[in-house]
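You will see chain A twice below: alongside chain B first, and alongside chain C after that.
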Partner chain A sequence: MTETTKSGFKSAAELPDDLHSHLGILLLSLADNKRMLGIRYSDWILGAPSVEAGIACSAMAQDEWGHGRIIYSMLKDFGHDPAALEHERTSEEYRSSELLDCDVSSWPELLALNFLWDTAISVQVEMLLESCFEPIHYKVRKLLEEERFHFDHGSGWTSRLMTSDEGKNALGKAFATAWNACLRWFGPENDPLIEALVEGGIVSTNADCARMRWLNRVGPTVRDLGLVYTENSEWVSEPAPDWNGWSPVRRRASEGGPDADSLARARGDRNRSLL
Partner chain B sequence: MKNDGITTGFPDEQIYEVFARKQRADRFEHVGTITAPNRKLARVYAWQTYDEAKWFEMTVAPRTAFSAVNLTQAPFTLGGAPPMGQGSVADNDSTPGYGTPAES
Partner chain C sequence: MPVLSVNRDAHERDTSHKLQCDEQMNLAAVLKETRGLRIDLPPPPDPPRAPQDLTERARYALYEVMDPELPISILDLGLVSDIAADELTGVVSVSLTFTATACPCMDFIKWDVRERLLEDDDICEVEINTVWDPPWTSAKISNRGREILESFGVAL
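== the complex of A and B ==
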């Protein structure tokens, strides 16, 4: 992967107001998704199909919380108090996907988060690799090195379950349920937030290109689930994105947020009350 | 953490041996085993399980890829080694070796 850094912004303070605001929205969304995804991985440390898979969930949970912490700490330069972001917000203030609002009840559903959603998040992070917002470069590179193993875990397990009819049926249901949230995570065509960030050199491609990159990454593995087809060597989503209920600011379904248990875990409520 | 080759009972899984080194100038050391259904997951499991050091390089191979050289038991067997020369050398390779009838 080549990196061609444009001469750019050495700190958030140098960003024009609109870019400062838009990047802050994107970063908060990434941080919240990583924190909540870490919780969902942690739910499967015990109870995964094998000890190794449980250890992998533990490692991925730690990775996601580490990534979330890095991004939250960056947000202090975007007008946020990181401590308040991490510990004081209500459920409705979270920007994490509706897919992460509550625990998932099966391994195929966890794989939908691991393979589809985690990959979608990573594709959006990749768009910051060549960002002209310089503070983000090294952080993003290290983060993506760790995410490579998350992708391989999701892809390896998805391929494995595809080999049995029962596994394939369960995956089909779980992946179909998660599919639309993944499609629209990148934003609608001509999303004003992403368009402005592309124009400003903060992210490298627009929403449709990012969505296409995600489809090309997950498409070959999910080809037998009826969710994708190929056209001119590109993977295309069978269902079109459904934008009903989409919130462009929260970058998720406008309704809802993490459930009470997830929120308490994300904020560390129970243990912080002892201090 | 050493897995020591405990299998999970899934018929599509096998044991992989994990080797790693901390620096390019180091020799590889055997750091443990994992059980996985395919190479992709073997790589993930190895990297995420044996994370006690900042490895420069890690590699995995199926246990079946190793052949016994001097002992009478399969490679990586636990519980002490029998003396050389007792019993036949365990061999998971079907190709004829030195001194076998096919070569004599």
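== the complex of A and C ==
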């Protein structure tokens, strides 16, 4: 077992209304991001730079869908119908990042999802390790254990491409494009949703601490891309987060959502009649 | 992440390619024919000390439920976290974990557990809970399970 939980909530029904609402938003966001990230990984099972990389994408896609499956199943206790969540939502109802709205066209862009975005999601999941909401507390260790390899894969490939000017240029563009969405994922400083969840013992640290943890995690590998610098042994983002157009409820850009093809895949539209 | 890999040394000792193919086909056939139940495995160890004890009997029965992907029982693979039977109501609660959150065989395994346990006339209902903590690791595989896997050329 992990560390002892604080006076734990054994079910969603025990949560006070505000925590129930806030945690429901966070969990749906996590689930949708994992679902859509899995689809993006699956896009590269064929077409990755090597057979080995394609197999890794296959494994990572499977992991993300497994995690999504677990989190979606919890959401029925937060007022959601799991079947409707999976099959009936419009694009605008998805909470997944704008980074995942459509397929990416290059391996460096996929690495931005693998190394930057996937790590950002995992950092947020880490904040639930000591959660007093027991249904999530007893699941996250398994999720994080499976995520370790995702970080190693993203880090390894990023470092590998950094060794050539061509690779570094391509990474620089791809990572710069994804950077702001990653910074924003943790929420603004004093984000009321995260603050309330911290206060209630559901998550362990506030948005800025989580963002700092993410920067310290990815900073050493991306140091040469002009996105970070160090200050007092901490990694700091060179561009500050730009909150223009950010939706605190969707925890992503307020506009848009998965494109038609991605939505059809996520919902299983093609064979819907077989259900 | 896959935690099991084919023992290359064991296979490299087989100089006959045909032999390797035959072994793989045999394994596939075994898995296909016996998915989940009734594999011809060595007899389960440690028969129940008190056969009338429903919990022990139920646990023992799970030695007959095979993992769909590996030729060992789910008990030997370490998937059974807990089992408890209510003698009065005949309700058996089984806590199962899985090797991976995206395990594609979760439904198969749950089905097989339920089917096998309901063969016992004293069991009326089977409750199955999925647990993820502590996470499954290969350390949960029994010594007996390790021996069987090694005999199939699967190294841990």
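Simple rule for what comes next: the second predicted complex is superposed on the first by the 269 of 275 C-alpha atoms of A that agree within 3 Å, B and C clash if a C-alpha of one lies under 4 Å from a C-alpha of the other, contacts with A are read in each partner's own complex, and residues count from 1 in each chain.
Operating definition for what follows: contacts are C-beta pairs under 8 Å (C-beta built on N, C-alpha and C of every residue); 3 or more make two chains touch, one makes a residue touch a chain.
Note that the coordinates shown come from a computational prediction; the quantities given were computed from them, not determined experimentally.
K.L.:
Which partner does A:139 contact after superposing on A: first (chain B), second (chain C), both, neither?
P.N.:
A:139: touches chain C, not chain B.
K.L.:
Would you sort A:67 into first (chain B), second (chain C), both or neither based on which partner it touches?
P.N.:
So A:67 only meets chain C here.
K.L.:
When the two structures are overlaid on chain A, which partner does A:51 contact: first (chain B), second (chain C), both, or neither?
P.N.:
The first partner, chain B, only.
K.L.:
In the superposed arrangement, does A:9 touch chain B (first), chain C (second), both or neither?
P.N.:
Touch partners of A:9: none, neither chain B nor chain C.
K.L.:
Once chain A of both complexes is superposed, is A:59 in touch with chain B (first), chain C (second), both, or neither?
P.N.:
Both partners, chain B and chain C.
K.L.:
Using the superposition on chain A described above, determine whether A:156 touches chain B (first), chain C (second), both, or neither.
P.N.:
A:156 contacts chain B only, not chain C.
K.L.:
Overlap of the chain B and chain C footprints on chain A, residue-wise?
P.N.:
Common to the two interfaces on chain A: residues 59, 149.
K.L.:
Please name which positions on chain C make contact with chain A in the complex.
P.N.:
1-2, 100-103, 131-136
K.L.:
Show which residues of chain A lie in contact with chain B when the two form their complex.
P.N.:
Listed in rising order, the residues are 49-53, 55-56, 58-60, 149, 152-153, 155-157, 159-160, 163.
K.L.:
Which residues of chain B touch chain A in their complex?
P.N.:
1, 3, 6, 8, 10, 12-13, 34-38, 40-41, 43-45, 47-49, 51
K.L.:
Would you pull the chain A residues touching chain C in the complex into a rising list?
P.N.:
Residue positions touching the partner: 1-2, 59, 62-63, 65-67, 69-70, 137-139, 141-143, 145-146, 149.
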